[in-house]
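Below: a set of structures, written as structure tokens.
Consider the two complexes below, in which subunit A is the common component and subunit B and subunit C are the respective partners.
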Partner chain A sequence: MDMRPRSHPTYLAFVVHRVSGLLLALFLPLHFWALGTAISGEARLDGFLRWAENPLAKAAETILVILLAAHLAGGLRVLALEFLGWRSRQKDMVAASAGIALLVGLVFLLNVV
Partner chain B sequence: MSATRQPASTKGVNRSHRTRARAQTHLWVVQRVTAMLLALAVVVHLVMIVTAVRGGLSAAEILSRTRGNEAWLAFYVTFALAAGLHGAIGLRNIASEAIGLRGRGADLAWLTAGLLTAGFGIRAAIGLYA
Partner chain C sequence: MAEAASLTVSVWRGAEQGSFARFEVPARANQTVLDVVTYIQRELDPSLAYRFACRVGMCGSCAMTVNGRARWTCRTHVRKVVDADGALELRPLANLPVIRDLAADLAPFFDKWSRARGTFQPKDAPDGAVPEDFAVVPPASKQRREADAGIECIGCAVCYASCDVVAWNDEYLGPAALNRAWTLVNDVRDGGRAERLDAVAGDAGCHSCHSTQSCTERCPKNLDPSSAIAGLKRALFWDTLLGRR
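After this line comes the complex of A and B, so read on.
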């Protein structure tokens, strides 16, 4: 049984990275398929973009942007840990990753509404 | 001859373990290489999203940037391939740990799913270019 502490911020970072990755990986084929279909004509793409103007679609987009930014920032922390050996100040790096994800989401929200 | 020589059946098992370990290593390398590519591509993608949505999106605006532009085509094709493979290997790892779905057959199925996803993305990239 894995007895490592689960209250540490890096465990939370692991959960966020895994959940965001899972949701993004499930969304990806749908995103590519919808985009590929919509791009078949300018009028069709405009129709798709008009549909995406509804508040629910914008809310979903904002969540996706936050998930993508969180997975990116968390992934950079993992890469730095594995390849550069940046083992110190992990709590700060987790906090910075969360801050980056929320900041990107906020900037997107401010621009899209 | 030698007392340390292994029985044929054990050698077969060891070879199978080695092949399996090599496949795992290959997938780990692909996951990390695609992660590095995606680190750059996602930054570009996020900057593009955040700036493009300002004032609303239109097909004409998007297509004017991408039509006939080889650099964007190369970017999106690489991005789609990296994202498709990265996502599929990630799902494989989760399925392996969470529900014990593992083995050569499962790996090939995930690889196919990743390449199929990438194919959808490349189709979209060609649509933006052509």
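After this line comes the complex of A and C, so read on.
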């Protein structure tokens, strides 16, 4: 695919929004499975939570949080464009959405991990 | 920065199937891409097909793909788009049938303006009669400002060629036709609002837009078709929710 016509911030924001949405959708079954372990017994859930303490799982968790924040912030940007008619400063809004996503990731790293 | 003495220009030759021909064109100060194409056609290869008319950014007929991006060539200076090694790549506009060489067939593009009900339908004179008086449309009114924001479209199809949704869905009406529809939805003299909103509400209409905003990014007139499409989505949402359609 020729990226030359697509190399601008709002296109990148579109790709991030789509890809984060897809990855979150793929994560959802895992999330429900983890919650489901609570039904089948405390020991099983504790076992899973202990496994989730390993650094690789924590790193994946941080990426997941950033994806979620990016999807939320990007979605709010599109809603503002479509429902409020915010025409101007779209690139600034893309930058702000990216900033919010990274900030949320940082807060997660500092407070939770 | 020293400029190269000549430009290496790759020009698409053929129709849908074809290949690039290479030309050496003397580099000049303040040269536009259209100047380069005209030089090739007049001095190097008279069989080259391309399209232009006004040369001053009014008619919208000279748009081509220049180094991968759709642009109006008469107002695009070579020095702004040329590669560091003096290379230019010229293709016809994307998302449209190619007639020959650099001339794309704009018929599908304008057909979609018709399908989006892009024709003004006077409310006071539906049978074509001349209204008795001029309509007074205050310039500061919200609707007038919405219409003014999109009215300067020259129909160059740069937005249409830059839109991924057009590439994915043949039927999609495209940014220019939807922008035109939005200017008319906001024209208080127009009586075709309901039919026009119906025409743009389908699978090929405004709801297919993914707001990548390539149209707004590339529009040479600095219009904002993406926001016009958002306006249509908004109008349809509220009209549907409030039972007005």
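Keep in mind that, in the parts below, the second predicted complex is superposed on the first by the 105 of 113 C-alpha atoms of A that agree within 3 Å, B and C clash if a C-alpha of one lies under 4 Å from a C-alpha of the other, contacts with A are read in each partner's own complex, and residues count from 1 in each chain.
Here is the rule we go by: contacts are C-beta pairs under 8 Å (C-beta built on N, C-alpha and C of every residue); 3 or more make two chains touch, one makes a residue touch a chain.
None of these values were measured; they are calculated from a predicted model.
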Query: Once subunit A from each complex is brought into register, does subunit C clash with subunit B or fit beside it?
result: fit
Message: By residue count, which of the two partners contacts subunit A more extensively, subunit B or subunit C?
response: B
Field: Contacts of A:G75 with subunit B and subunit C, given as first, second, both or neither
entry: first
Query: Can A:R87 be said to touch subunit B (first), subunit C (second), both, or neither?
result: second
- prompt: Which angle, as a multiple of 10 degrees, do subunit B and subunit C span at the CA centre of subunit A?
  reply: 80
Query: By how many Å are the closest C-alpha atoms of subunit B and subunit C apart after the superposition?
result: 5
- line: The shared contact residues of subunit A with subunit B and subunit C are 78, 82-83
Query: Can you name the residues of subunit B that touch subunit A in the complex?
result: 32, 35-36, 38-39, 42-43, 45-46, 49-51, 53-54, 56-60, 62-63, 80, 83-84, 87-88, 90-91, 94, 113, 116-117, 120-121, 123-124, 127-128
- prompt: Which part of subunit A faces subunit B closely enough to touch in the complex?
  reply: 18, 21-22, 24-26, 28-29, 32-33, 35-36, 39-40, 42-43, 45-46, 49, 52-53, 65, 68-69, 72, 75-76, 78-79, 82-83, 104, 107-108, 111-112
- request: Note which residues of subunit C are touching subunit A in the complex, please.
  value: 65, 67-70, 94, 149, 162, 164, 210-214, 216-218, 224, 226-227, 230-231, 233-234, 237
Message: Under the definition above, what is the set of subunit A residues touching subunit C in their complex?
response: 2, 4-6, 8, 10-11, 14, 78, 81-83, 85, 87, 90
